[in-house]
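Each of the two complexes below includes subunit A, the first together with subunit B, the second together with subunit C.
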Partner chain A sequence: MRFRLNPLTVQKIRRFRSIRRGYWSFWIFCLLILFSLAAELLVNDRAILVHYEGRFYWPTYGDPLPGRTFGLDYDYETDYRHLRRHLAAGRGAGWVLMPPVPYGPYSTDLRTDAFPPFAPSWSERHYLGTDTVGRDVLARLVYGFRIAIFFSLGLLAANYAIGVSIGCAMGYFGGRFDLFFQRVIEIWANMPFLYVVIIVSSIVVPSFALLIAIMAFFGWIGITWTMRTVTYKERTRDYVLAAQVLGASHGRIILRHILPNTVAVIVTYAPFSVASGIVALTSLDYLGFGLPPPTPSWGELLQQGWAYMSAWWIVAAVVGAMVVTLVTVTFIGEAVREAFDPKRYTVYE
Partner chain B sequence: MNHRTVVRWLHVAMCMAALFGLWGCGEDPAPVSAPRPGAAPAPPPRANLPGGILWQTNDTDPIYASPTAVRGGTLHEALLSFPLTFRTVGPDSNSSFRSAILDNQLSLIGIHPNTERIIPELATHWAFDPDGRTMYFKLNLEARWSDGHRVTADDFAFTLDFMRSKHIVAPWYNDYYSREIEKVVVYDDHTLAVVAARPVPDLHLRIGLGPTPRHYYGTLDADFVRAYNWRIVPNTGPYQISDFEKGRRIRFKRQEHWWGDNLRYFKHRFNVDKVVYTVVRDFNLMWEHFKKGRLDTFGLNLPDYWHVKSRTEAVRRGYIERIWFFNDTQQSAQGLWLNLDRDLFRDPRLRYAFAHAMNIETVIEKVLRGDYFRLEHGFMGYGAYSHPQIRARRFDLDKVTALMTEAGWRRGRDGIWSIDGRRFAVEVTYTLEEHTPRLVVLKEEAKKAGIELTLRRLDPAASFKKVLEKKHDVAWMGWSTSLRPQYWEHFHSDNAHKPQTNNITNTDDPEMDRLIEAYRSSLDGETRARLSRRIQERIHEIGAFVPTFMVPYVRQAYWRWWRLPDPAGTRHSNNLFDPFNSATGGLFWFDAQRHHETREAMKAGRVFAPATRIDDTYKMASIR
Partner chain C sequence: MTSALLQVSDLKMHFPLRGGVLFRPVATVRAVDGVNLTVEAGQTLGLVGESGCGKTTVGRCVVRLYRPTAGRVRVDGQDLAVVRGGRLKQIRRDLQMIFQDPFESLNARHTVGEILREPFRIHRIGGPGQQAAAVERLLERVGLDPGAQNRFPHEFSGGQRQRIGIARAVALNPRLIVCDEPVSALDVSIQSQILNLLLDLQREMGLAYLFITHDLAVVKHVSDRIAVMYLGKIVETADADRLYQAPLHPYTVALISAIPVPDPARRKGRPLLGGDVPSPIDPPAGCRFHPRCPLAVDRCRREEPVLQAMDGAEPDHRVACHRAGQMRLPPDG
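Now for the complex of A and B:
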């Protein structure tokens, strides 16, 4: 029965779909995520498919294939861009199918006659140019997006798990429990978040999970307040009283009765939290306190763009990407808020 | 080491630190112990000069100034900030401007910047006592203070009183002049001896004191710091501050009849009449001032300035000339320091393989625009103390393969060397964001060699702590330099396997200990130099240090009317337009005719051939 949608929910979804801007943004956003999940096939310095001496190779996933596999004279991983030219020149039997962007996020494309950053070039397939070390900006953007978006979703999950549980409990139990946590939150909220991050990341190099943990450490407060208020309101509703009279346990009341009725609030906040998660990671990376180099990151690109203003393509690419992502997420958020807005169904007299 | 030399070296060390994010060690200027109470300023009693003294002098080393140099002109320089005081000791005195004052305060003896032998400054003759800690000096009878007083032996005795006085509020100097120098013995007005606390190698570098005018200071009191904040103290060098406007500018004027004008090593030097320092509070703004001709010279060591920014109209038209001057001076030991206490690096073959997997040449060529040079070992530029033949291990995949295979390792499925489930993966700890591009390229290249580098950037304090506690795999860092190589702190087993010492490689090698002990106990220059070279060979054999870069040159731009000798500087020059330094400064001169010609051409729009001079007279052999 859990899978049968509540008629109210169906109505909300229908309403969401009717807001075209948000609806399409949602699909674009999903597509971007899907696209980034398949990034290895689209943006990579490993070939998608190599046909060499009658055999097919799929180097994208799995262990690296040493150059000797394809008759080259080295043991380290094959340089497929080179292999492609090598085979095309007739120095071996076979062919190479490269991804549309034949550069990975870490591969440096250095030349003997010039110094990076290199401007965008269609013929070199650096569609957005390279950064100051000669890495493809588009590749860094795509992989950076994947990290940022999953970081942000992970952070969202962590924040909401903590915030919703504590907030619900505060609202539901009230009394001393509520008072105690109110004071805890007030103290907590006064801790300077950025300083703590700086201190922590100067002592240990933050990993993906650790950074989520640090940020969630401070990020749960906002949703907690909201959930507390909402739960307070719901608790005094007749259906909760009815459930209590019927002898339902606290757990059951919270999970089966109150929580489903507060989902609207949670869902409304979520897209904006995703956006702020992306911004948070980017700004931490920009300041140099985020994920360690050489992790592809938007903040690091932004930092480079700032230091090398003359290499306009770096800053243009990352600012463009941020604007597109944040606008998309915000449109989704607006549509969700609109769809879940209770005012539409309530008449105040 | 006299006051001026101490300061100069501290300054060099600090500049290096600023340039490369080094950690200064070695001679620490931090307060070491409480100041000794000030000694009474009474002149010490006269003693009798011992017999059998073998006086030496040096009037045979080559001169390095140009005989064609002429007097005249004004050099315009810039300061980033106005100094907080003109005192050279005490609170707030440690600004970069201090060297301009101290360089005009000569010492008993100097060091020839090319031959590194002793040359006369205030003393004409000197002699070593067999006790290994005493030097005798005969003063130049011509030597005068800028206020006309004779320089006497007593002025050197006063230096000791002055530097030991608690009233100067300079604990480091209090301590140094108490612990390192025992006394100054005055025999007559022009003969004295300086006695060090104990026999030390390179005695002359430590006790060539400068004089302090007793007739000017009289008795010091608690008011010293305040009273002498802006006083212009008599000096013995060619220039003195003539006037200044606080916060704006300071003007130095050459003394009309300077007593040192005809000395062999001072002749044809210190040619400009005036040197004006103007405060320009921003580096980019300084560049704009220079382009407008309000400043005469500008340093172009930064790649951006040399390659990009100096492509200006005035350079293209030949009004501004540029010079790239290679020197041969002490280089910081920058590179990758392997922790030998890590299992991986116990086997020397793995250390060698690691060194052969570092593609430093590609980094220099493709990331650093060929502006840096390969450091061959940790102690380059120390003259006879540097080994001329050692070459750092070059990037070589075949050698890596041979070494690793010999050690029984095999390439894993991911291309990284492995044995019994262990992989050749190490963490590189570093601090400066600007170094990330270099490390990113090294990492990608090392992957080809089958070694995985994990980059760990920590803030300087955290990184320093981690490295000093020997918790690193590989540290990416450099050390500041000193006059002579210091080995004990970095490579002696006394400092291995324990936290908070500079032996960050945990080098623990009996042969190395023996060599270092011999080096430290020897007082003979030649033996020490030989041992030093042998120690460098041993460091190379142990292979715990992978040298990376050095910057053995100075690059400057200057307006066309400034002329430089040929060669343009000395082996140890790090600024060709240094107006005051008694060893390397004051070699340039103002060419009034070229000034006129250039100004006319600028008005008329005529152009000269652009001039970029590359002077590699002293280019190190390893980079020729």
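Now for the complex of A and C:
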């Protein structure tokens, strides 16, 4: 059989593309994620390429190269910014190519003559300045973005896995199962989420996975309820009854008929869910209950900036980055919603 | 007793209306309230009545989409309520359904080819090659181009979609098809094409139909027998011709006389049905039709009539009315 994309889907994609700002936001967002994946090549204190005594070195990925490799007198990891000055001064045959931002998220730029935070400086290549312990703000932002975005996507996946399966089962099978989970959700929804997170993170230091687990523990309710409502509606439609009359199994009906027809809801929900994931992680980090330091994090930067208002560049950078990210994601969400369900977008409750 | 293909006895389907925190039933919709029907192999039984009187619910009980509250649905003498698993799947091959709205009954995300291949996939009949050949034969049989396979339902007109729905229903060579208002959503010009297709298929495949409709004009052409339903009950059943010539129940008389006739002059003086069907949540006591019946007397309000043959009338013309036969069709030349 010849595969052909459903013209209705093609139409949705076309409609999405016609909503310019959502479409552009989508590409910008994809680019941001792509850049953040390649962050080690762009924002790093390891050199991209070193030429030393006739040999090439690619230190970016892999084990750290000790200083002796390049004729320096130490065994810990090479300080490439220093090596660059060292070789440039003619004390060795070779050269160093640094990334555009030659600082990593953890490297502190300490000086003998001043205390951080340092203001933005083009010549020092601290394009957005440093934070209060001398770490490059741009580097922290970039790596913090990567963590936040993958945190949100991981959280989304976890919420969807729980929500879609339970919600679908509730709507499809109904009866006692549905009733039971309805009550569970009502109770769950009234649990003080923040308290639980604070309690848990005061007992154990939350890791990336643990934090996703805690958040998903509360986050599955929204999508579950939505899925329940749509499934409940789909289940009584004639095409589902027709499949049932043909003798299709529950699994077949759910997977081949109902789920594909709820894609609009699933997709529409995603961008807003990502946005709320980013906000949630940032606020937890801000409060100090998120990922432990020194993990690069927007929340932690925000907190520093709040404490040192005179170092205005910290607050400005974080707020700017937040605004750009959230606006982009929201535009995408709007466009997706518009494309999948123009005019007749209904709010499920 | 030789068993008919389909035997519905004393079928009741009550839907609980639930409410409140505890989700307790607060009322009962008596959608079907004691229905008896028989369909012989290869024959058509027309089930008529105004919308809301429970026809669809009967149809869905027959194909076991609903589990009846009470009563039996027997296919070849086999009670559907007690079969499950593989045996039920086997029986489903004999029992199919055609739906009213061809825009709703086809999954918009599947191509026509996928839709028509699904019956064979579900029942694991044939390999991919045989299935593809079967799909082409089906399309051809219902009068569609084989190229339709790669297209999606919304690319077709209502009549063409209904043909796809019919092709799906006959794919497994069923013995009984419940047609739930199969032409009601279609243009009048297309209705007769679809009805003729159904009649042709019946002749070729020996199908039996339970033909549900609110339109007496439609059912007249296709039915061997007709059952008239009102508010969850059968009020009259007879051979099709007999029912049109000599209806006994006032409701049947009203329905027949409401069939539009081309000549407006002749429409005068016909007893038209006033009011709406009462709610099946709280049906009227006695005869359910009495609030709308021009002949109603005190007895109709107190005593529920049973479906039975009238003295002196044909034995298989049964009616549930205390004043059966007292209202005549107006003469129409």
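What we mean here is this: the second predicted complex is superposed on the first by the 337 of 349 C-alpha atoms of A that agree within 3 Å, B and C clash if a C-alpha of one lies under 4 Å from a C-alpha of the other, contacts with A are read in each partner's own complex, and residues count from 1 in each chain.
By our rule, a residue touches a chain if its C-beta (ideal position, glycine included) is under 8 Å from a C-beta of that chain, and two chains touch if they have at least 3 such contacts.
Remember, it's a predicted structure, so these values are computed and weren't measured experimentally.
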Combined model on subunit A: subunit C and subunit B, fit or clash: fit
First, second, both or neither for A:T108, with subunit B first and subunit C second: first
Which superposed partner A:N261 touches (first subunit B, second subunit C, both, neither): second
Contacts of A:L34 with subunit B and subunit C, given as first, second, both or neither: neither
Which of subunit B and subunit C A:M309 touches, first, second, both or neither: neither
Partner chain(s) touched by A:A89 [first = subunit B, second = subunit C, both, neither]: neither
Touched partner set for A:D75, first subunit B, second subunit C, both or neither: first
Which of subunit B and subunit C A:R237 touches, first, second, both or neither: second
First (subunit B), second (subunit C), both or neither touched by A:P293: first
Following superposition on chain A: angle at subunit A, subunit B versus subunit C, Cα, nearest 10°: 130
Which of subunit B and subunit C A:L246 touches, first, second, both or neither: second
Superposed arrangement (fit on chain A Cα atoms) - minimum subunit B/subunit C Cα distance in Å: 42
Residues of subunit B defined as touching subunit A within the complex: 362, 365-367, 369, 397, 401, 411, 413-415, 433, 436-437, 439-441, 443-444, 447-450, 455-459, 461-462
Subunit B contact footprint on subunit A (complex, rising order): 63-64, 66, 74-77, 106-108, 110-112, 115, 132-135, 202-203, 205, 288, 292-294
In the complex with subunit A, residue positions of subunit C that touch it: 23, 60, 63, 65, 88-89, 92-93, 95-97, 99-101, 104-109, 111, 113, 118-119, 122-123, 132, 149-150, 152, 154-155, 165, 168, 172
Complex contact set, residues of subunit A against subunit C: 1-2, 4, 6-8, 179, 237-239, 241-249, 252, 257, 260-261
